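A quick write-up on the structure given underneath.
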Amino acid sequence: MIVPVTNMTNLYGRDLITTQDWSVAEIEKALSLAFEFKANRYDHPLNNCLDRRTFFMFFYNPSVRTRQSFEAAATELGGHAQFLEPKSMRLKSSKSAGETVEDAAQVMSRYAVGIGIRILETAIDYYGQGEELLRQYAENASIPIVSMAHDKFHPFQGLADVMGYRQHAGKNLKGKKILQVWGKGALVRSWCSVQESLLINSRLGMDVTLAYPKGYDLDPEVIKMCEDNAAASDSTFEIVHDLEEGYKGADIVYSRNWMTANFYDLMAKHGEAEAKKKEIEIAAKYDDWITTKDWMKKSNNAFFTHCGPVDRNAEVTDEVCDGPRSIVYDVAEARLHVQKAVMALTMGKH
Amino acid sequence: MIVPVTNMTNLYGRDLITTQDWSVAEIEKALSLAFEFKANRYDHPLNNCLDRRTFFMFFYNPSVRTRQSFEAAATELGGHAQFLEPKSMRLKSSKSAGETVEDAAQVMSRYAVGIGIRILETAIDYYGQGEELLRQYAENASIPIVSMAHDKFHPFQGLADVMGYRQHAGKNLKGKKILQVWGKGALVRSWCSVQESLLINSRLGMDVTLAYPKGYDLDPEVIKMCEDNAAASDSTFEIVHDLEEGYKGADIVYSRNWMTANFYDLMAKHGEAEAKKKEIEIAAKYDDWITTKDWMKKSNNAFFTHCGPVDRNAEVTDEVCDGPRSIVYDVAEARLHVQKAVMALTMGKH
Amino acid sequence: MIVPVTNMTNLYGRDLITTQDWSVAEIEKALSLAFEFKANRYDHPLNNCLDRRTFFMFFYNPSVRTRQSFEAAATELGGHAQFLEPKSMRLKSSKSAGETVEDAAQVMSRYAVGIGIRILETAIDYYGQGEELLRQYAENASIPIVSMAHDKFHPFQGLADVMGYRQHAGKNLKGKKILQVWGKGALVRSWCSVQESLLINSRLGMDVTLAYPKGYDLDPEVIKMCEDNAAASDSTFEIVHDLEEGYKGADIVYSRNWMTANFYDLMAKHGEAEAKKKEIEIAAKYDDWITTKDWMKKSNNAFFTHCGPVDRNAEVTDEVCDGPRSIVYDVAEARLHVQKAVMALTMGKH
């Protein structure tokens, strides 16, 4: 649902495809409500704001944590999240008869108060296609469309990350150095979490250092946005390929594996299994790209964070992940609270 | 659950396998409550009548819209609809060990307040088998059994269609001409929606014209019921094979693709893929059987309706479907309201 | 969630992996609340004790009745049970990257108030592996883990069985003879239901006779526990291979098919289909191991019970199963009540 810019102080009816689409004031409003929900899990005044309302969850790709936390979020607000796998949905395409996205979006707007969509990796043919589908739904639905992770962005993960930092590092993140570092491993992960996190961190005034082995460049359009965000918030954004430089003085360390820019092309040409195999071969060359206690010693006694699920002893050692500065479970919990907050603000009765 | 005829003024405990099983007064009671629910979506006095109750949905065949609208309906009434796919259920058959329908129906009656069943097309071996299963469940359950579409009927679609007409064409449908016309396309659709609609329309006194190319005859028993309905309601029922004659003077135009009577035999002999291929070849011969603006000009400025999902530019052109006389989204929304109404009347606490 | 023994008078936070882990007083507390819920299905004071809370159901193996009754139980308590199939969950193993059980359990503890797990037969590699997984979850979660049936035990079925006996045979089961008899059939059933039932029956002072053809020995560790239970409750526990001896004087007859101890080895060596085929061949040799009216005549006008779903005319004849002394549907209903009771006591707000 596209809401006129003049209305943007009120979040009711708004889509959330990336936090970059929201103003900093709007992001802060959502985070503030998320902290209220955390403090008052079942008795907040807004806790029944989805009373008997339906939220549709469209999982083009499966995900346990996202499904669990969204369905729990709707339940805690008095509503119900329907778990839908669109493979059972006959959508019209160039190749087959079926319903158009326009019709599906309009009809679903009659039944529900919001729609979440997850689409990435094997469900799409090229990078950017997931984003296109979300934008197409948003244009045609009269209820909010929110991303539950797609090829480009993962807005609720970005919000949850920030909620976790603030819980431990304090509300004012301005001037804190965050290292966002590529981690080895065999999971060939999508770009959505790290890109969303880079955007919101630079937006909120953190000094962001992005570190990865050469060849793991992210979307240049997103990198450009991060640079603009840093300029607007009077903070810094830099890319390094050296671990020493990355960890030095960091207040927060965020590790995550991600795929190369070639993955979708490889999948189109050779199929999923072969594409993953090739990606895993490349990743295996960077054996020291794992967050260890030794690397953490170079930091400013940093908190360790991860958007989850953690690939232990690949992205990070057990020692760090289970250590006293790890905030990974609190960040995971934060997903629930930020999802409740955004649902309440954009879809709740009022 | 079979309720004695003497009790039929009270709908509590009643099955709904086709609207033909209900009296006109009972149908009107359900439609009347559906309009109340539409006017008062979340605050009607009956809106919590399924409070903490369970409704089982058995999808032998998948369906997005039916699932979405039934699950939303139960949620809006304070209850919960469980989404079940009976492929995971070991039912006894001549070929395999398992539970009998008798036992399954009796046990489920202990857990829930109602059961919806969808069974047609690839889930059955011959036309009529879905109806038999529904009747067998109804005989053995002590809670209402309702059809969520089966090979013969689709009662909630029939009710939603009428709700849509009344919203736009006025409450009194007596004497209005409705054209129910076959449409081309590659979806090889079941007979249930069109047969249910023919029955309820003729029941409520509309003048029904059924139009289709030769070879697309529907169930002769249902046609006989329509003729009897028309006689009883002092209206007309006619079958034509000419589009000009069909559209002429129509107040409402209802288009829909459906399969030939041979489909189930073809599927038994050659498998689903081959059966569909043959059906699509036959349908392709009738290129002018699509509702266009030109055909609509022959009508009495008719409303355009469709039971959804619409197969655009096959059953109807975009121009008509998106035009000012199209009521397709309101009919889709009506599914929710009539389902809430029937659930409240047959299963609600009282 | 492991709760210190000193706290065991309060059931809040307790796991339920087998009733053997609970004291008799705790079992009686759960049964007592179950009878209250039966008497007052929707208006008991605890009926909203899961208000807006989430219960995760992990079905490594599908099950219609268990899913229906657990999801209905959570709904009736004001909560919501999420239906999850862990095949879509990337758990770390020796062979593949993914999340560890430790992390999964910790994160899920942030979202929900309890987790139910069903794992047996084709989901495991050897007898005992399901139990190991449940214990591993219990060690790492901070919320209760309950078994929804696993290779060794089925605590809610055991509780439901007893609830059924008491409803018909009276509260005091001390000294009543129960025959638990193997039944023929082609379902190759797991040991969990019969083992749980043997344990709880011997615990509560019933005189238990276990009857089966030679070769159908159950887990010797469980049999040892039954003998100890009988000694502690001053009752008897015996194993016989003769039907006459088994039925003689029985107050309750419980029939059930189960697999031989070789099943998991057979499956590991020859695959599921071949293992089942071999089991079915062996079972076919014991044609008179079916509960008939003639056998029942040898009993003390016994009630007939079965943990369901019944494999009619294999485990029991229709005549007995539908006869006046059959309590099979009440036992099935009892599943709902005991599940509500345990969820309320271990997970409910307080």
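The chains carry the letters A, B and C, assigned in the order they are written, with residues numbered from 1 in each.
As a convention for this text, a contact is a pair of C-beta atoms (placed from the backbone, for glycine too) under 8 Å apart; a residue touches a chain by one contact, two chains touch by 3 or more.
Note that this is a predicted model, so its numbers are computed, not measured.
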Homomeric contact chain A-chain B: same or different residue positions, threshold half: different
Equivalent-chain rotation between chain C and chain B, CA atoms, steps of 5 degrees: 120
Geometric centre distance via CA averages, chain B-chain A, whole Å: 41
Overlap residues in chain B, where contacts from two or more other chains coincide: 80, 83
Partner chain A, residues of chain C touching it in the complex: 51-54, 56, 79-80, 82-84, 86, 88-90, 92, 96-100, 103-104, 106-108, 110-112, 349
Partner chain C, residues of chain A touching it in the complex: 42, 47-48, 62-65, 67-69, 71-72, 75-78, 80, 83, 185-187, 308-312, 314, 328-329, 332-333, 336
